[in-house]
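Given below, in the form of C-alpha cells, are the structures.
Next, two complexes with chain A in common: one pairs it with chain B, the other with chain C.
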Partner chain A sequence: MNQTYNITLTGELIGEIERSDAIAVFAKLFKLPLDKAHDFFHKAPLVVKKSVDGDTANKIQQILEKSGLHCEINPVEVVETEQSTQVGVMSESAVDAQDEQSGQEREEMLDSESEMTTEPEQPSASFKGLKFEMAGQPDYGFVTVHVPAGEMLKVEASAMATMDTNMQMKTKMRGGLGRMVTGENIFVNEFTAANMEGEVGIAPGAPGDLCHQYLDNETIYLQNSAFVACSSGIEVESKWQGLVKGFFSGESLFLIRAQGKGDLWFNSYGAIIEIDVNDDYVVDTGNIVGFTDGLEYQITKVGGYKSFFFSGEGLVCRFSGKGKVWIQTRSSAAFVGWAHWFRPVKSKG
Partner chain B sequence: MMEAKIMGSQAFSYIDIDLEPGETVIAESDAMSSMDADLDLTATFNGGFFKGLLKKFFGGETLFISRYSNNTSAPKRVTLVQPVPGEIRCYELNGDEFNLQPGAYLASTDGVKLGLRWAGFVSFIAREGLFKLTVTGEGKVWYGAYGALLEKEIDGEYIVDTSHLVAYEPGIKLKLQLAGGIFSSFFGGEGLVTRVEGKGKIIVQSRSVSGLAGWLNPKFR
Partner chain C sequence: MEIELLYRPGNTAAKVTLEEGQTITTESGAMIAMSGNMDITTTTHKKKSGGFLKAAKRMLAGESLFLNHFEPKQGSGELFLGSSLAGDMMTMDLDNESLIVQNSSYMASSEGIDVDMGWQGFKSLFSGESVIWLNLKGQGKILISSFGAIYPVEVDGEYIVDSGHIVAFDETLDFSITKAGKSWWHSYLGGEGLVCKFKGKGTVWCQSHNPSSFGGALSSSLRARKA
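What follows is the complex of A and B.
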C-alpha cells in the first residue's frame, strides 16, 4: 500500500488576509454554507482531506495556502484495527494535543493517532477540483479557471474569451458524426498550461447562467448545447437518445454524456435551477439543461389530448428515480418563436 | 454636482442622472429613454459634420449627439439606456485618457472630449475597427457593451479574444496573433486573438455578439 497523507487545516492565516475573508474562501473551496464553514473554522485544527497520495496533497496544500489558509500535510499510517473504533469521535483532548504539537516535527505527529479522527462529519468537506471564479451571474455567467502547470482543460469551440500567454491551444474533433448531424460545433479546444500555472476565461454563447459540478466517477447527461468546459479527467461524448426521445425532446437527437473524475461546467439560456428528484418530476422538454445518471426519463404528453393541443405545453419529459435535474428558466425554442417575427424577411434562393 | 446612478441588473443596465441647474450631459442620440420635460435637448453633430461622419462610420457612434441641459432652477432627471442588453459602467477622467472600442461609448459629462484615433490595420483585421475612440479631459464617461463587464488588471501580457475587449487604459498596447496553430485557429472557432501588453486596466465583456449569433442562428429555420 502506498503512503498516504492527511491534510490538516491549522486555522492559522497566512499573509494579511482577514479572518472573515478566509472563512469565505474556505466555504467556497469546500462548498459549505458560510455559517457551517465558520463553525468548522473555529474547531480548527481539523483534517480536511483524508488519505490522499503525495502529489494530490501537495496540490491541495498549494491551493489552500494561496488563499491564505495555513495547512499541514501529515503521513498516515496503514489503518490499524484500533483506530476504527475512534473514527468519527472528535475528542477535545485530541484537538488540544494536536494544537501543542503543531509547531513540532512532523515525525512526532505520527504517534498521535487521534489525528485521523479529527475529521468533520460532513462528507462534503473535501477538496474538489480546480480553482475557478465565476462572474456575471446569472445573466451573463463567465468563469475563469486556474489551470495548474501541465494540466489540460477542454473548452467548447469559440468559448474562450481571455487567457494567459502561457496557455497553449489545440483543436480536437469530438463526438464524431453525431455532432455533424446536429449542427453543433464538432471541435473542442484543449488549453494546456505549458510551463506554469495559467488561467482561461470562458464565455459561452447563450445569454444565461453557468453551473459547476465536480464529478467523482459519476455521469451527467447534458442537453446538446449545454457543454462549456471540463478538466482532463472527464470523457465527453455524444450519445444517441433514441428516435422517439430524440425527435420530441425539443433540443436535438443527441445528448452529451460527461463521465469520469474532475470538473465540469455547463451553461443554460436563462438562470439554472437545481432540482433533487426523489420520485417523479416533470420538466418541459425545452427547459432541460442536464441530469444525473440513474434517472429514467420518458417523453409523454402532460394531460389528455385537449391539453396536448391547447395548453401550449405539448410534450414534457418525465423523470423518475433518484438524482438531480438542472433546468433553465427560459427555453430557447420560446425565444426563437418570439424573436422570429421581428426578423427581416429574406427571400430564399 | 450632478448625481448619476447606474441602475438595473447586469443584463439591462440604465443610468439615472440628476442634473443640477446649469449642468449638461452629452449622450448618443438614441440613448435617452425618459426625462423631465423641462430639460433642453439640442442635437449637434458629433464634433462637426465631417468628424461626426468619421465617428459614425469608423467609431461605431451616432452622427448626432444630444446635449441635455438643465436651464431651470431645480434638479431634473434624465434616464439613459444603451441599445444592447448588457452592463453599463462609469469611468472617471482626471485629465488622463481612456480608450473605448467602437460602439462602447454611451454618454459623458461636459468636460469630456471625444476623439477618434487611428488604430491601425491590425485592429481592423481583428474586427475591432480602423479607429478607436479616445476620451480625454475631466469628468465622467459612461460606456457599455453586450454582456456583463469584467475588470482585469494587466501587468505584462494577456490574451483576449477579439470582440471581447471593451475598453482599456492608455498604458495598454494591442497586438494581434493567432489563437493557436493554423489548424486550431481556423477550426477551433477562436481565430485571431488580441494580445494586450503593458500595465493598466482592461474591461472585458462576458458575452460577444458572434457568440450569440453562433448559438442562435442554428435555431432559426
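What follows is the complex of A and C.
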C-alpha cells in the first residue's frame, strides 16, 4: 500500500485575509452552504481530504494556501482505524459536486477528486457493516462504532459511554411490555449521526468480552442481558421461551431475538467462546450468551437424579441441530452465589 | 486427556478433551459446557470408592460433598470448565507426588489422582480464614484455579504467606499458623491476622488476590441476609 496523506485544515489564516472571506472561499472551494462552511471552520482542525497520495496532497495544499487557508499534510498511519479518530471527517458528498464557474484552481481540484473516487468508502445505501473498533478484550471489552451521517445505531440503555456532539439520542421503547418483563431495560436508545459521521463509545455493564456478528437476514437469539448494540436494519424484540423452558432455565422467561440485516454486538460476563454445534451440545444455563436460529434447545437435567440434585449443575440447556452457540467463561449467577456468603447478617429484632 | 487453557489470565476457561474410556473428576458446579455425548455421574467421593465417613468429612470441611465424573460415551468428547471468580488456572502433572490444594482452588483431576480432605483439618480451623486443604496424590493431571494471577514461590528455609493467598503447596513443606507481626495485637491491627509459615524445601503457589478481602470489600454494599 502506498503512503497516503490526510489534509487537515488548521483553521489558521495566512496573510491579511479576513476570516469571513476565508470562510467564503472555503465554502466555494468545497461547494458548501455558507453556514455549513462556518461550522466546519469552527471545528478546525479538521480533516478535509482523506487518504490521498503525495502529489495530490501537495496540489490541494497549494490551492488552499493560495486562498489564505493554512493546512497541514499528515501521513496516514497504516492502521486504517487510526484516521477515524480525527476530530471530525467531512463527508465525501460535500466535496463531490462541481460548479460551472470554476476557475483554474477548481479544475485542479477536479483532478484530485477523480482520484478520490477510488476510495473504499461506499454510500450508505450499500454499505455492508459499520466501521468499528473493539478494545480491551477479553477482560474489559469496549466498542467504538463510527456511524455514517444520517445512520442510526441502537444501543442498550445506559451503555453509551462516550460520543461525538453531533450524535442525537432518542429513547425508544422496544417490544413494549415484553421487555419490561425480561428484566432487560425496556428502553433502547437510538443514536443518529446528524450532518456528518460521528462515533459512539459503548461500554457494556459487565466486565467481559464483546462479540460482533454481521447478520444477513439471519436471526440470533441472545440471553436477556447480552444485547449491546445493533445497526438500524436489525429488529430487536423479546421472545417468550414458553413456560417450561423459561421457568426452569433459572435465567428468565425471555430471550432476545435479533433479526434482520446489519451489525449486532453482544457482550458477556467473562470471555466468549464460540462453539460450532454439529450434533448436540450441553451448556450450563447460566453460561449461554446466544445462539443461532435453527438450533433446537431443550432444558433438561444433567445425568441422573443424583446428579440433578448434587452435581451443582442442576439444569442445563441441550442444543441440537446445526449452528453456533456462544458461551461465556463466567456466570453472574455463580458469582452472586459466591458473594452471598459475604452479605451482612440481619440482626434479629 | 488434554487440557487447554483459554483466555488467560483474567477469564480463564479450561477446555478438556477426553478420549473414549477416559474420565475426569471435577469440583461440583465447574462445568460450563460439554459435548452432548458426555456422561455425568455424581458421587460423594472418588469414583467407585468412598464411604460415608469420607463424605461426612467433606461436608465438615465446607467443600461441597460431591464430585462430578465426566466420561464420553462414544468417541471422544470435550468439556469446558470455569470458576466462579475471575482469574487464572494452572495444570500440573503429579507423578506419585502429593500436593496440598486450598479447597476453593481445586477444579479437576484425572482418574489416577486421589482427592482426600481433612489433611491437617484441625490446624486449618485456627487459620482464621476458614481455609480447608485438600490432599491430591497419585499419578495424573490436576487443574487448579485462582482468584487473580498465580505465581510460584520457591521456598528454601522459611517463608510466610497470608493464608488467603495460598493456592497450593508441595507436601514436602511443613506449615504452621503464626502471627504476622511481633505481637498478636499488631497482627490484628495490621489486618494480616494469621499467616502461614512454611518450612523446608518446595514450592508454594500463590494467588495475587485474596477472595475474602474482595468479599469483605463488597460486604457493605450487599443487602443483608437472614442468618
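FYI, the second predicted complex is superposed on the first by the 215 of 349 C-alpha atoms of A that agree within 3 Å, B and C clash if a C-alpha of one lies under 4 Å from a C-alpha of the other, contacts with A are read in each partner's own complex, and residues count from 1 in each chain.
Here is the rule we use: a residue touches a chain if its C-beta (ideal position, glycine included) is under 8 Å from a C-beta of that chain, and two chains touch if they have at least 3 such contacts.
These numbers were taken from a predicted model, which means no experiment stands behind them.
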Fit or clash - chain C, chain B, common chain A: fit
First, second, both or neither for A:Gly201, with chain B first and chain C second: first
Contacts of A:Asp139 with chain B and chain C, given as first, second, both or neither: both
Partner chain(s) touched by A:Asp279 [first = chain B, second = chain C, both, neither]: second
Which of chain B and chain C A:Arg318 touches, first, second, both or neither: second
Which superposed partner A:Asn287 touches (first chain B, second chain C, both, neither): second
Partner chain in contact with A:Asn74 - chain B first, chain C second, else both or neither: neither
First (chain B), second (chain C), both or neither touched by A:Arg330: second
Chain B versus chain C as contact partner of A:His340, first or second or both or neither: both
Touching partner for A:Ser231 - first (chain B), second (chain C), both, neither: neither
Three-chain overlay, closest Cα atoms of chain B and chain C, distance in Å: 7
Residues of chain A at both interfaces, chain B in one complex, chain C in the other: 139, 207, 340, 343
Complex contacts: residues of chain C adjacent to chain A: 6-7, 10-13, 27-42, 64-66, 68, 80, 82-86, 211, 215-216, 218-220, 222-227
Footprint of chain A on chain B - complex, ascending: 9-11, 85-87, 147-148, 150, 152, 156-161, 164, 179-181, 183-184, 187-190, 195, 204, 206-208, 210-212, 214-216, 218-220
Residues of chain A that touch chain C when the two form their complex: 138-139, 207-209, 270-271, 273, 275, 279-284, 287, 302-304, 306-307, 310-313, 318, 320, 325, 327-331, 334-335, 337-346
Complex contact set, residues of chain A against chain B: 135-136, 139-142, 157-165, 167-171, 183-185, 187, 189, 201, 203-207, 225, 269, 332-333, 336, 340, 343
